[in-house]
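Each of the two complexes below includes subunit A, the first together with subunit B, the second together with subunit C.
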Partner chain A sequence: MLLSLLILIPLFSVLVLNLPPLLRRAKVSFYCALCFTLAQIALVFFCVFNPQSIVVNPFGSLLELDLSADSISFVVLLSIGITGFITLLVAKYFICEQQNEHNFVSVLFLALAGLNGIVLTSDIFTLYVFLEIAAAASFVLIVINRKKNALEAAFKYIVLSILATTMMLSSIALFLFIAGNTHFASIRAAFNYSSHDFLLILASGLFICGAFIKAGVVPFHGWLPEAYSESPAPVTVFLAGIVTKTLGIYTLIRIVNSVFGFLPAINNLLLFAGAVTITLGALGALAQNDFKRILAYSSISQIGYIVLALGSGTALGLSAALFHFFNHSIFKALLFVNSAATEAQTKTRNVEAMGGLQAKMPATAFTSVIASLSAAGVPPLAGFWSKLMIVIALVASGHPLYALVAVLASVLTLAYLLSLQRRVFFGTLNADCAQVVEARAGLVFAAVLLALITVGAGVFFPFVLNTFILPIEKIFAG
Partner chain B sequence: MQNISLLLIVCVPAIGAFLLPLIGRLNRGLRNGLAFIFVLCSCLLSFSLLPCVLSGKVIEIAKYLPLGFNFILVADSLAVFMACVSSAISAVILLFSWDYISHYDNQNEYYSMVVLFLGAMMGLVFSANLILMYIFWEITAISSWRLIGFFRKKTDVLRADKAFLVTVFGSLLMLLGFVSIYQQTGSFDLSVIREYFRHNPLSAVTAALILAGIFSKSATLPFHTWLPDAGVAPSPVTALLHAAVLVKIGVYVYARLFIVNFPVSLLLCSIVPWIAGVSALVCGGAALIGTDFKRIVAYSTISQIGFIFLGLSLGTEIGVFGGLLYILMHGIAKAGLFLCAGIVEQNAGSKDITKLGGLFKVMPLTAVSFLFCVFSVMGIPPFGGFFSKYMVFSALVGNGNQMLTFIFLIGAILTILYLARLFMLVFTGELRIAAKREGSSLMVASVVILALACLAGGFFVGYPSKVVQSVVNQMLTQQ
Partner chain C sequence: MNSEIARLFWSFSPFIIMLFIIGLYCIFVTFNLIRVLVGVEVLMKAATLLVIVAGAATGHIALAQVIVVTLIVIEVVVITIAAGVVIGIWRHNNSLDTRKIRQINDEGISDE
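Let's turn to the complex of A and B:
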């Protein structure tokens, strides 16, 4: 199958959908995007079950793009497909104006092209270009409803993002100087024979810092809560579900695994940054009263888990990182869908003003319990398995103290999510919420779908592990 | 055939729990009936396995899964004994809740969670893989969280969160212990672990991590505070937490891991009895000065759990025998106490024992049943509790530790004092609250069943002893 289509179709769709006859036909573009995300999910499944039929890029000489796909890419592509689909379902209710909806879908297509490009490329400069496509598209998405706060948040994001870009670009320049070209394999080879030790360390450090900023790892997390909480609901789902993680975390995973290798210094850096991020993110979440801000801080904390898993420097750690990547994009998207539903019904994001919504919005409440428990790593949900794998990987690689941090931070995670549950859904009905009714059918459908994936991936974990996660161990480059 | 029954014992309640809310939307009577049938089904099937496992046979279902997260259910006599005790008590409690719960909101969630609770308990007792055990362990935490917060008032929900957080804190430490065992032995399967530890010692840190999980679940000092606070739950739920399921999980896992699978370490044998002793003493004292009906009974549970841990941790045959018999007798009696508390709370409208009094005249059957259960917990012959307490004490005396014997003797005296005080204040004296009637016939019938079981446990102590004896034999030969 032609995986390069995952980049080409969205790019061409942006062009075609903006041609005069189709312009302002929001419905058409909306359904095009919906079909594309479904096709992407189907394609990933097809490739996973028919590995022999993968032809990444048949237009090789024509496109001059260096594309490749392995088990890591499939997990991420699948997450992108699912989150994109959910984003579109949510967007139907929150991006109201027709022209705006059309613009939204166009920019979303652009972002999808960028994300898929990041995942499929095997050249560090091409990676950078797609990174910028996706980042630029997400700035526009944040401000798509032209709200003042959103503009402020997007500006903050852009400033930090530019910093990251500069770092990455200088690092790429250094690599080009050392290795002679920017292909992953040549840079990796340069690590073995090159005499420019200092420059290599400098370049790796710069790149990792850039990825940390993009991922919102502490201490570079300042932009993230703002950007998540001020974006329109569907954009938050998209950002939290996949954009930040692909831009920052996937890049980090790919570069560490395919280019730098798991050097002890890098592992220690990742472990330390991961542990700090987990703890501070969770503590930050405990202190918030805004539904979306709680979830934003929770995202920071969960991203820490992925970084920590990667830092264990073992094959199991790598696959655990990817598994948590997938799980996090599902349960965090679900929680943001829930927050969108409650915000739409109660017109507020302040959790103190809600309470006892379970009686009024049973489906939203039930799915949010599932997402919270999965996030806290409570079995038998999917989040439990990835956290368990992370803990096993950490203990096996001789870092029991980091395992202890991961485990204790799970208690903090459970604490802030229970407090969220208590203030929003559990408890007695707040008098202001007496008139609230269940969210619109599309939102409930999106939430139930994600909840089913979380429960299904947890209960049928042998299938998920064997098909998607454990093959990753084979491409571990320790 | 026996494999299928084993699978059904776990799956009927675990899967049935999710059908109940759906059925509840159609017909409430059908839902209540089905909930009872699910529990009864587990109970009857457990009893049907009893003769088979007592003859020494072990039933096993195994499905091997990636990364050692295997699905292995093993029914040996310890597991079946525990399953019988829990499911039988749960069945009575469920019968009680038909009337007790009938006029509150969220009944669908209630029945679903109670049945899931039992299903997870059944899964836990039969699981022979540490991860599988941990999964069921956490499912009980989820359902107890929802059940404790059943009334949805602010304190209820806060305390539900507290219970969830404390038990999860402990269980995550336990998980870390499990992972370090995996690191050592290369497997989560109990059979492999047992073989490994025949020749190798268990590190003290690992043992401490696992003990933290066990103590937090069975509410032993210093993780005990959530249990008295959980008294805000509906009475059948507290009965379930205290008598049938939750705190017994800790005790069971202790027996399963530290007696059957891990090597006997001197450190453990000397520390656990002391923790149990302090726990029995402190919480006995707390029960003596309490004024909240359910809190007193809750503290009593913590103190009695100390006796169970004592019996199990002494490492002698007679101690284990006493501990297991104690699980049975205490379970029956404590369930009876809480259900009586539920009747009093609902009909007298108060849990404050300083405001109650003279209820013997109004609810004689409840009072007599309460008295029977009280006698059993105190350990007065010929009630069942006497025999178990006697066995634990005789193991303790045989162990020769005088200080510890003294502590537990005080613990036992405290038990008599606080329970006598409780009974006097609530049921004797002048009637001070306008409570006119006995509880509904179904509720009274359930407490009478439990009270009679306390008495029968004493008169026919031979039957449970025979079962417990063969359980002990099998455990010690496996060791």
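Let's turn to the complex of A and C:
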């Protein structure tokens, strides 16, 4: 199938939807976007089951991009499709004005084009261009309601993001100098023959630093809690579910696997950064009172798991990282949908002002328990399998100490998520919440859908493992 | 990779490093949001100069030109969005001074 359509369709949709006859038809653009995300999910499944039919770029002369797709791309494309779909479902209730809804969908299309481009490209400069498209679209999404706090959070995010891209750009320029080309394969070749050892280390370090800022890895996580908690609910789902992860983590995985190779120095850096991120993120989450901030710190901690898995430097570690990537985007999107539902009903994000919502919002409470248990790694949910794979990969590669950190931090995860559950959904009903009713049908539908995916991916783990995860081991480039 | 190319590259590096330091200094020292953007611009210019030097030193001038033109476009887009955000902050606070904005926020919290 024509994978380059995943970039072209969103770009053309933005153009067509903003032509005069269709302008301000929020409904048309909304359903276009919904159809596109569903088509993307279907396309990924089709490609996974019919690998011989993949034609990445049939418009070779028209669209001169180096595109390629492999098993890593499919997992990420699937996450993008699912999270995009959920974002649109949530947006229906939170982006109210017609004109704003139209703008939201247009910018979301741009972000989707950027994200799909990042996933499909095999040239480091093209990667940078798509990175900026996705990042610029996400800046606009954060401030789409023009709220004061969102503007300030977005400014912080923009400045740090530009710092990150400047680092990446400098490293791309150094690679251009060393390899004479920006294609992944030629840079990888340059690692073997080049005599510029110092420049290679500098360039790799700069690029990894840039990816760390984009992903919110400690100590570069300052912007993330604010940006997540101040943006509108559907944007938070989109940012936490896929944007920061594709911009930071996918880029890191792709570059380490296809360009740098798993050198011992890079592995140690990733392991150390991962372990610190897991611990500090979890401890940060314990100290918060704001529903969305707890989830944002939890995101930082879970991103640490992905970095840690990547740092094990084995084929199993790589596939565990990708599986956790998928799981995290599902259960974190689910938790943010739940936070959107409670925020819409109780008009507050302070967990102290909630309590006993279980009786009033049974579906939201139940799905959030599933997501929390999956995040903490309780069998048979999907999160258990990916954490198990991470721990096995770490032990097998001779890092038992880091495996211990992963297991212990998993207990911390359970602690802060269960404390969150207790304060929001269990216990006696808070007097302020007596009038609360269950969230709107679309939000409940989104939450139940994500919960089913989490349970399904856990129960049918052998199927998921064989179709999506094990093929990744084949493209491991140790 | 002969020494001629390397020498050309290294002879430019002091200017690039200087631009980087100016940009970072500007971002970290100032309290004015617009000046932060100016610092960011200087940083981007340093990176652009690095691309040009890398292209010229290795003889891939065409590739470097393509990259630099694309970069300029991206830079304009990002800075436009950032400037839009700064305008939004100005409309809410009537100030571009980060100290004053923080003060307003703190007072806002104590009022509640």
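Basically, the second predicted complex is superposed on the first by the 478 of 478 C-alpha atoms of A that agree within 3 Å, B and C clash if a C-alpha of one lies under 4 Å from a C-alpha of the other, contacts with A are read in each partner's own complex, and residues count from 1 in each chain.
By definition in this document, contacts are C-beta pairs under 8 Å (C-beta built on N, C-alpha and C of every residue); 3 or more make two chains touch, one makes a residue touch a chain.
All values reported here derive from a predicted model rather than from experimental measurement.
Engineer: Just from the overlay, do subunit B and subunit C fit on subunit A, or is there a clash?
Structural biologist: Once both complexes are aligned on subunit A, subunit B and subunit C fit side by side.
Engineer: I'd like to know which partner A:418 touches here: subunit B for first, subunit C for second, both or neither.
Structural biologist: It touches subunit B, and subunit C stays clear.
Engineer: If we overlay the two complexes on their shared chain A, which of subunit B and subunit C does A:391 touch? Say first, second, both or neither.
Structural biologist: So A:391 only meets subunit B here.
Engineer: Contacts for A:465 in the overlay, against subunit B (first) and subunit C (second): which applies, first, second, both or neither?
Structural biologist: Only subunit B; A:465 stays clear of subunit C.
Engineer: Measure off the angle at the C-alpha centre of subunit A toward the C-alpha centres of subunit B and subunit C in the combined model, and quote it in steps of 10°.
Structural biologist: About 140 degrees between subunit B and subunit C, seen from subunit A.
Engineer: Who does A:408 touch here: subunit B (first), subunit C (second), both, or neither?
Structural biologist: Touch partner of A:408: subunit B, not subunit C.
Engineer: Just checking: does A:455 make contact with subunit B only, subunit C only, both, or neither of them? Give me first, second, both or neither.
Structural biologist: neither
Engineer: When the two structures are overlaid on chain A, which partner does A:380 contact: first (subunit B), second (subunit C), both, or neither?
Structural biologist: In the superposed model, A:380 contacts subunit B only, not subunit C.
Engineer: Determine, under the contact definition given at the top, whether A:132 touches first (subunit B), second (subunit C), both, or neither.
Structural biologist: Once the two structures are laid over each other on A, A:132 reaches subunit C alone.
Engineer: Quick one: smallest Cα-Cα gap between subunit B and subunit C in the superposed arrangement, Å?
Structural biologist: Taking the overlay as described at the top, subunit B lies 27 Å from subunit C at its nearest C-alpha.
Engineer: Would you mind writing out the residues of subunit C in touch with subunit A in their complex?
Structural biologist: 1, 9, 27, 33, 36, 40, 43-44, 46-47, 50-51, 53-55, 57-60, 63-64, 67, 70-71, 74, 77-78, 81-82, 84-86, 88-89, 92-93, 101, 105
Engineer: Quick check: in the complex, which residue numbers of subunit A touch subunit B?
Structural biologist: Per the touch definition, subunit A meets subunit B at residues 356, 359, 373, 376, 378-380, 384-385, 388-389, 391-392, 395-396, 400, 403-404, 407-408, 410-411, 414-415, 418-419, 422, 426-428, 461-462, 465-466, 470.
Engineer: Residues of subunit A touching subunit C in their complex?
Structural biologist: Residue positions touching the partner: 125, 129, 132, 135-136, 139-140, 143, 146, 148, 151-152, 154-155, 158-159, 162-163, 166, 169-170, 172-174, 176-178, 180-182, 194-196.
Engineer: Could you pull out which subunit B residues touch subunit A in their complex?
Structural biologist: Residues 65-67, 69, 105, 131, 134-135, 138-139, 141-142, 145, 149, 152-154, 157-158, 160-161, 164-165, 168-169, 172-173, 175-176, 179-180, 182-183 of subunit B touch subunit A in their complex.
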